[in-house]
Amino acid sequence: MRYAALFLLALGVRAQTQLLDLSLPQRQMPAYVRERLTPEDRVLFDKLMRVGLESAWAVVTVEGYPNCFINELTPLKPDQRMVGRARTIRYLPNRKDLRARLYAASPQLNYKSAEEAQPGDVLVFDAGGETRSAVSGGVTTTRFLVRGGAGLVVDGAMRDVLELAAMHLPVYMRRGQAAAVSPIQMSVDYQVPVRIGGVTVVPGDILVGETHGILVIPAEIAHKVADKGLDHDEQEDFQRQLLLQGESIYGVYPLNEANRKRFEEYQKRRQLR
Amino acid sequence: MRYAALFLLALGVRAQTQLLDLSLPQRQMPAYVRERLTPEDRVLFDKLMRVGLESAWAVVTVEGYPNCFINELTPLKPDQRMVGRARTIRYLPNRKDLRARLYAASPQLNYKSAEEAQPGDVLVFDAGGETRSAVSGGVTTTRFLVRGGAGLVVDGAMRDVLELAAMHLPVYMRRGQAAAVSPIQMSVDYQVPVRIGGVTVVPGDILVGETHGILVIPAEIAHKVADKGLDHDEQEDFQRQLLLQGESIYGVYPLNEANRKRFEEYQKRRQLR
Amino acid sequence: MRYAALFLLALGVRAQTQLLDLSLPQRQMPAYVRERLTPEDRVLFDKLMRVGLESAWAVVTVEGYPNCFINELTPLKPDQRMVGRARTIRYLPNRKDLRARLYAASPQLNYKSAEEAQPGDVLVFDAGGETRSAVSGGVTTTRFLVRGGAGLVVDGAMRDVLELAAMHLPVYMRRGQAAAVSPIQMSVDYQVPVRIGGVTVVPGDILVGETHGILVIPAEIAHKVADKGLDHDEQEDFQRQLLLQGESIYGVYPLNEANRKRFEEYQKRRQLR
Amino acid sequence: MRYAALFLLALGVRAQTQLLDLSLPQRQMPAYVRERLTPEDRVLFDKLMRVGLESAWAVVTVEGYPNCFINELTPLKPDQRMVGRARTIRYLPNRKDLRARLYAASPQLNYKSAEEAQPGDVLVFDAGGETRSAVSGGVTTTRFLVRGGAGLVVDGAMRDVLELAAMHLPVYMRRGQAAAVSPIQMSVDYQVPVRIGGVTVVPGDILVGETHGILVIPAEIAHKVADKGLDHDEQEDFQRQLLLQGESIYGVYPLNEANRKRFEEYQKRRQLR
Amino acid sequence: MRYAALFLLALGVRAQTQLLDLSLPQRQMPAYVRERLTPEDRVLFDKLMRVGLESAWAVVTVEGYPNCFINELTPLKPDQRMVGRARTIRYLPNRKDLRARLYAASPQLNYKSAEEAQPGDVLVFDAGGETRSAVSGGVTTTRFLVRGGAGLVVDGAMRDVLELAAMHLPVYMRRGQAAAVSPIQMSVDYQVPVRIGGVTVVPGDILVGETHGILVIPAEIAHKVADKGLDHDEQEDFQRQLLLQGESIYGVYPLNEANRKRFEEYQKRRQLR
Amino acid sequence: MRYAALFLLALGVRAQTQLLDLSLPQRQMPAYVRERLTPEDRVLFDKLMRVGLESAWAVVTVEGYPNCFINELTPLKPDQRMVGRARTIRYLPNRKDLRARLYAASPQLNYKSAEEAQPGDVLVFDAGGETRSAVSGGVTTTRFLVRGGAGLVVDGAMRDVLELAAMHLPVYMRRGQAAAVSPIQMSVDYQVPVRIGGVTVVPGDILVGETHGILVIPAEIAHKVADKGLDHDEQEDFQRQLLLQGESIYGVYPLNEANRKRFEEYQKRRQLR
């Protein structure tokens, strides 16, 4: 994620200014969330706002989780990064008797999840891909936003899409929909493992979303993923710099022996700065 | 379901023998299941082996369950009726940490469900439509069969399809698959409400399967569905008889006043027999 | 379609009896339809019961109709040929005001089409591929059958699939469904051009159905299609015979000069018989 | 739709400026259409430019039209609202004889519909989802624009996408396509009920489009939908305000007794202003 | 595959005759192919006609080929096993200049592949899933049959489906189609690696097809797969026998220590016979 | 593509300023590519940057290539035109033995193609629509960019989507993906004809991409397509002008005799300027 500066550096030398679009997206945790995080989360989330998604993916995969990237949902606003902790809700096709039983015992789970959300939470709705009816909408999401909500991930549809677009909140879904949850669907489970775009999401997972998808990171390895991912980014920045100077891809990616030494020197110089 | 005889009767009068294919499927509960049912279940299941699926559907819908028919799965052997009680299992995409936790606490749920099955049970596997890996296979199903299992409903895939085809057991699934459950999927929940082909199935539901799909009946209304459905079948038999005698559809379907009287007389005659 | 005999002939010479499955399907118009056809239709339909579907397709295409084969629907009973004349009905998603207006003016169109059907008619239901609700069912189809109906083609779903399977009536559809037409759909148009599996069907078209699909033939060219198609079949029978005698595909398919002469002699011998 | 101001108000108090993206889309009827509307339409369309789509959806549904929202098409330019009156055209797969007959009797229907369009009309093309060929393009749409056209809704594809994007005209379609209508498709019906993304559209319906879809409103209830929808928006604005002040979702959404009284006072204060 | 006898044995003891459908499919290589195989192939193919597909799959996977099962195609005749060696052909959407160039250099590849086929070959057509046009048909396949062809695998469509069904030849495809290959497609590559239903097939691979799919076995490991698969079948037969005698699945599948000893004794007894 | 100026002209007369959105996209070849093209390519590519895609499509179709437009991929950045020459790579599902053989003989083909790219090349990846794994990413594309690469067309997925978005490089793909090419896919063929979104692309083809798709032009006809297409654009500009002055579509599109004369005069006046 540091490559913007590197690009400028390289391009300064070579004046290939056309190679670069300057409007590189900025990735910052919104203050209304960041200020309310625990110190530990703030450190973690800050790193995850910067890490390259592909670098992080590589670490998650090496740790034994090869099926960790959701790319079947569409971001409502593409130039945002989402970082947050999964709070899950599961929906099923509506069924009168079960609905009566569940809703007698607890509020609808989009209400409950918004009300109980902690700063930095991402609500994860597993609606089985159903888009003929929405699982939640703008008013409930306003409550979630006030609670410090950091994003929505919906394997299904949301209402009030204009209102969601006006909030500073990343939203991933299959489609928008004006129709309410009833009479097509109902919420049935809260904080259980769910299926989103072919990937299992467990409550407490750390989610990192970008334009092209959402990386699902088991909480136990989140710090490792952030640190190793950032290390890997540094190496890729170096490789990119060599390529922008006109070197061949062979020997640079992956690094051959000679270039690895150059990289180690580059790292030392950077650490001195 | 009684229309076979009626057809013959009507056709005897009119000699339109070509209208009828005599190989009408027989719908009988297999003895290895039927003998082990409770007396109450035996009465209920016998009725549900005979009732017209559309008549039963009408009752379930009128009772407030309009989304009760699964037609997205394919029967392995089309000329069988399945009647049984749902025992549900839910699968998710594989995930190392969750799998380790769940499988430490309990056997894989296809094993557990086969072992705990009661006579007349139908195993209902919600695999989210995944067909790149099978949820269960022939050996485990043999155990289920010996326990008195009455059918399999799989929103996903099964292995050992030849072996399943050789069993006297209705099987509904998306596709067959030789690949085992690992490393694509894992079982996560047992006896919870699940989603099958767009319909919610609750543990204990009564399932009635035919060539073209599976009717999901909440247990509370199963007797009413069977009885009212059979009544409705009787009326349709009468209507069909009138049509085979050459009467117009108007006045017969639905019955007009005059034909309703004829139907009531027909019912009386039948009850005298 | 004459190749069965040719196969036997050829195989008698070479004793490769394993090449042939003797249960070749018989293609005959059912008597209850055939006896009630006009003499002209009887001649046409008899030819179309025998013609090779691919030979007929070639003629239809050469006549300027390249998009004439529907292969997206599934036959309920695969070993039947359907020949008949299209009577079309168009469905739309249900809409209260339009339904009230249309149904006040005319009966539902599955009733009306069954009642008005002529011997040899095929009902063609354009339901836009909707399979969550059926356009018609067994009772109405019984009336259609008594009227001399020759087949059903449904870009959607039918109810009462068991009953339909017991009738001597070819049925093509996407899926079966127990749910009635209401409240999902309504019939809106009768005897208008419709879209079935990506092909336009015009009222009065001649339809020829087989296991793998339905050929749509504009009525004006139906006799030409039947005659030229049967001629083409004869040539393919000859080619097949040469191949079964072990000749190379080159020179036989298509016929080279020498083999074309042999074919002309073969034709003469056949005409003498 | 008034919530932008409310957000600012609430946020002024609480200084949570990050919750809000100020670039809220403006929803105004373009002058070239608005000035040419009848006075009655101008009143109606102005209201429908402002009403919340979900509020309006709720009224349409309560009035007996639950299947009234099209969310399967993609808007070419997402930040526009479309309000207009449906003028429908139906397409079928090309067929030589039918095309010759229809095109001898009338111009192609994209021409005819553009030429006959009234100010505020939306052309609604039912192409059955076909995207291998476009139903119309930029030149014809230029004529439509000059006539006061208010939008395009295409269950299929359009050509000249760049040119359409440069017009001040909302366009909904499945995909763009460079290929012309021939030889894949042909127009067959004008001003008949059509199927668009699973919803029936009747000529004369009032359409309200947003980023996430199009609400289809029967003309008879359009004024009621606008008025009741705006009322509902006012209540949701109040609820949103309470939530932005930090109140719990319970009691606010839906309003409990106490909050309903507060809302009535809020309404009185607003009416005094 | 030996379980039929075991079933009978077990059921003789327990008289649960209803558990078994006696019409178990027979799996034999047709004589017209078998007699013309090399002795080595005959041994291999005979084993592969008997091995359990799931047992074979397990060996292929352990050898490092986890993506080896094609389950997206439909068998034309479900109760056949196919064993043979892949001969591949690749198709692309038609393109005038490329077609002219390729067809000037070589015959169409369905001709060429039929003509050059060796006994036991399976033609594998990669048509990219295209079903609007067929890659080959009955006449060409007759030549292939005479050459000793053992099956067809088509990621696309075939013509002359009735004729194919009458041949003793397993056929897997997406759909049937009457339309010829032109003008939609053309053959471009012969004996190159292809993609079939998501699986790579390399020329010379050994294919084993069943009702539910096709196992793709690299030639180098085919003997190992056959032998280890048959061993595994033997163990599963034993496990199945224990289950049919009423033992619990736990301890039997997988075998615990005690049951493993019983299995070793069972193996010894079998080898003595 | 010249219509922007025409619009302004017409609108100056009629003051319908609202008809036009002034932010018309500019279509210019980036200098880092343009400067390195051969003079001949520079002339051709400059024309193709300006030609209307639909006008060009018409010429390609008339020349005998009706299936030449790819509209199934999504542009990463919609307001860019891509012009370049196809360099193709074909991927298949991973397979251990084939991968070992291929990768021993040559580098992975995304490397090789980036390294060998000539200025103005477009890399065309046929991944069969696979989106669970990416064929290439940002570092390799950086090398391609430095080599003068002009675009990416991927029937599959790319990694490093943020980085690609920051490059001045049009990218078309199905979806983004963080997962690397292994272990799902492998590159197998270089510079062979491939299938992209249902269209055949041959190495050396000239590709012209816009928001709504990519036109594939055989190299032999590229100059003719550019020239005739620009001529056709001129006529459409004139037609558009007439329509903006309020004339009827009839007589203008297509031009009747009188308007054709006006067009010829218009052309003369333009040539004098």
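Per-chain residue numbering starts at 1, and chain names A, B, C, D, E and F are given in the order in which the chains are listed.
Methods note: a residue touches a chain if its C-beta (ideal position, glycine included) is under 8 Å from a C-beta of that chain, and two chains touch if they have at least 3 such contacts.
Just so we're clear, the structure is a prediction, and the values are computed from it rather than from any experiment.
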Original post:
Which chains make contact with subunit E and with subunit F at once?
Top reply: none
**OP:** Quick one: how many steps at least from subunit A to subunit E, stepping chain to touching chain?
**Re:** 2
Subject >> Copies subunit D and subunit F touch via same or different residues, half shared test >> reply: different
**OP:** Could you tell me the distance, in whole angstrom, between the mean C-alpha positions of subunit A and subunit D?
**Re:** 31
Subject >> Centroid distance [mean C-alpha coordinates] between subunit C and subunit A, Å >> reply: 53
**OP:** Pull out every residue in subunit A that's touching 2 or more other chains.
**Re:** none
Original post:
Could you list each pair of chains that touch, in label order?
Top reply: A-B, A-D, A-F, B-C, B-E, C-D, C-E, D-F, E-F
**OP:** Would you mind writing out the residues of subunit E in touch with subunit F in their complex?
**Re:** 64-65, 67, 92-98, 128, 188-189, 192-195, 198-200, 202, 218, 220
**OP:** Under the touch definition given earlier, write down the residues of subunit E that touch subunit B in their complex.
**Re:** 1, 3-4, 7, 16, 18-21, 24-25, 52-54, 56-58, 61, 66, 69, 71-72, 210-213, 215, 236, 239-240, 243-244, 246, 248-250, 252-253
Subject >> Residues on subunit A engaged by subunit D in the complex (per definition of touch) >> reply: 30-32, 107, 111, 114-115, 131, 137-140, 142-143, 145-146, 157, 159-163, 165-168, 175-180
